[in-house]
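First chain written, first letter: the chains are A, B and C, and each begins at residue 1.
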């Protein structure tokens, strides 16, 4: 077991499949944020997907297979102490690992269940890690305009993370944080729900879009690219000017004059 | 039609027992709290002496669209009862000639069941008669009871925490008196006001009287204000089926 | 056009989403009720209430058989007749037998989802017996010939204009949109029914084992009328309704009242232990209690006992963002809608095939779990039911094939990278794939990145190496 007590924190970045394939910039921003605050970031290259889509759709066996792969990639690093934490720019993926993995292996595999628990104990969402573990209150970012915040459901209700992202947003220079009516109402993505019940999903998203319009926000920040994709899909299609952004990119946004 | 009534019973109980004694829990979420307290914590609270509790009771009752008055003693309460019955009768008949108006009939509990002594004769003097039905399954009794516009009862107890009273059916204590008429007057002696219904239950429990209280009576009802419905577009309407007006005459009987 | 609860799921949802009147009514009602609930819970120690209510219900389920036996023996000692029914048809058989024995012609009943579940009204009507729903909302839907759309507010989906028209058409009431006048008309009409009915039927909110007592919660008083005026009274109680003691019942009553409508307590809470006692002037001469299984023991057998904890407050329904968009009839011909309905309907004697869509009619947002007064983890139950649908091969072949392929590719680094690179290369053409075509009907699609994060990271690392080396 390596002794990491006095070293800089070392974090494995769990980038998530959607960020990897659709929004790599979010991953870069997350890594930069961590590095700027004194963290050594490593990226286990064999990572793929946590398995949430399969789990969400009811395909337990497949979800378990995907979870096993995730555990095979990340657990050894936790077990031998070469990393202090796993950090992901996503509430739903972290909730999957921390809360659902133990349930997935509850009946079928004690060894993997144990590993899942061990892993889950050190898996964190990005803003949670920045605020609670690194003590960051201000990332030095700037945004000129009105910013709303949409708490994604897994983040808010399963991980109970809410104060941390809001705190970091409050420190944004030049930004005006606006209240979002119905902020804690689900945006309608819901994983497979977005396709299986596309019409209801869209109706829920449209409701969120109307609320965004009422808030007069220029952008709405959130911690999950799933909500972001769904909301931007509707905001663009329906001609709204507001856009959804991932909080990592927003918090990493520095103007040319700011120190690097 | 079930051929063997016991078969259904035995099968249901057997299935339940098998399910509950199996290796696997019947619950998916086993993190839930499992041992309930022997006595759950009271949900509402009310403090203070008799008078404070009486005030709290009245306030809560008014909050749910009931109404109340404080009277010094039983005598004042029966005076007030007469006034109210007369005023309402005048409202109903549009008749302001009090002297030769027909006797006002109030659907009532038997005088012995009411917390004011000699109420029957007192009221009779003022032209108010108490109709205490014998058998409401008798058609003419039922029709007569249905015509009453005022009902009069006492209460086993009243609760300051919620503005509720509790009535128990029994000899001379018809269910109908607090249910059929548009207006329900309830006589509430201050000695019967408790902080909360949990406190009252716990007293009964301590006296080992809770079980028998519930079982001796065919039906006990907790009543909190007038009947209401918000089914039509959430618009609150009073007096849908039960009384539209519940008026408590709270009097000090602790002299 | 109103939602046809008997139509297939997709049709029901389509009808609901197209019905602006319905959605406006749902919006208004759910927001109002949720707001009232929040206020009522904020003024007390909500955490303690939920912990205790949850524990009280868990205890009851864990001790169900013993409590049921205790309940039965006390009900009998109190002078009631107790019947057990394994399913709807047995329960209906008991009711019809009692009706026949007493030559019942007219029945009044108070609101009871359990009686909806077994189709009581239809069965009675088919036997030539008149049934009148006496809860105002139920009375209205009965006049309209529709099922209720919410377990607490049956007519939540109708505007007052619709109700006025129903009253005009069915009761000859002069047209009025004043709720007070409509209520007065209903009161008059139903008062006659109460006074003349031969049989009263109620459901049961809680059944107290210790004393043999059936508890009914109402605000209108119809529960009291139904259980007091007719000569014969039948209470139909799901076996899961039993609780240990009067104290437990009183706790749950308050939990249900605050969470259903935001009232500290409902106007009436009637506790009926037996028929009329000697010397009583009113009360039924005969009281029957039917203890109904109808899938409840199966719920425990399958390990979904959490669903049996429900005290039918409707808080989950009022907070559900999906229910808000589609309403109760979209959940089908079931009295249970919203999150609890999406769990109970497939589990009770309803067919998993018929109900296969319901566990998926949720975005799993978890708002329901946060409001449930007995702390049922509804999202977890929904997720588990989804895996049942898949295991039983009820989901479509196409979906299974797609998801399996996806899962297989996605869990191994090499095929995963190939897939992601392919998507990046296809760019906007990915929008032609069927699942993404569905997406694009109403939403624009983001572009798959030309270079995935993994590749960028690799370059970045190489760049660092070169710059430190150079």
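Throughout what follows, a residue touches a chain if its C-beta (ideal position, glycine included) is under 8 Å from a C-beta of that chain, and two chains touch if they have at least 3 such contacts.
The structure presented is a predicted model; accordingly, all values stated were derived computationally and were not measured.
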Item to check | Innermost chain by mean C-alpha position | outcome: C
Checklist outcome for this item: Maximum distance between Cα centroids and chain C occurs for chain A
Next on the checklist: Quick check: how many Å separate the C-alpha centres of chain A and chain C?
Outcome noted: 33
Checklist outcome for this item: Per the C-alpha centroid definition, the whole-Å distance linking chain B and chain C comes out as 30
Checklist entry - Approximately how many whole Å separate the CA-defined centres of chain A and chain B? => result 55
Checklist entry - Do you know which chain B residues sit against two or more other chains? => result none
Checklist entry - Considering chain C alone, which of its residues make contact with at least two other chains? => result 380
Item to check | Partner chain A, residues of chain C touching it in the complex | outcome: 13-14, 17, 321-322, 325-326, 359-367, 369-370, 380, 383, 385-391, 395, 399-400, 403-404, 406-408, 410-413, 416, 420, 423-424, 435, 438-439, 441-449, 451-454, 456-458, 460
Next on the checklist: Looking at the complex, which residues from chain A come into contact with chain C?
Outcome noted: 15, 17, 19-24, 27-28, 31, 43, 45-49, 51, 53-60, 62-63, 65-66, 68-69, 103, 153-154, 157-158, 184-186, 188-205, 207, 229-230, 232-234, 236-237
Checklist entry - Across the complex, what residues on chain C touch chain B? => result 25, 28-29, 32-33, 44-45, 48-49, 51-52, 54-56, 58-59, 61-62, 64-65, 68-69, 72, 74, 77-78, 83-86, 90, 93-94, 97, 134-137, 140, 153-155, 159-160, 163, 179-180, 182-183, 186-187, 190-191, 194-195, 208, 210-213, 219-222, 224-225, 227-229, 231, 239, 244, 246-248, 250-251, 254-255, 261, 263-277, 279-283, 285, 291, 293, 297-298, 300-301, 303-306, 375-377, 380-381, 384
Item to check | Partner chain C, residues of chain B touching it in the complex | outcome: 1-2, 5, 8-9, 11-13, 15-20, 24-29, 32-37, 39-41, 43-44, 60, 64, 132-137, 142, 146, 161-162, 164, 169-172, 174-176, 179, 197-198, 201-202, 205, 210-211, 214-235, 237, 239-243
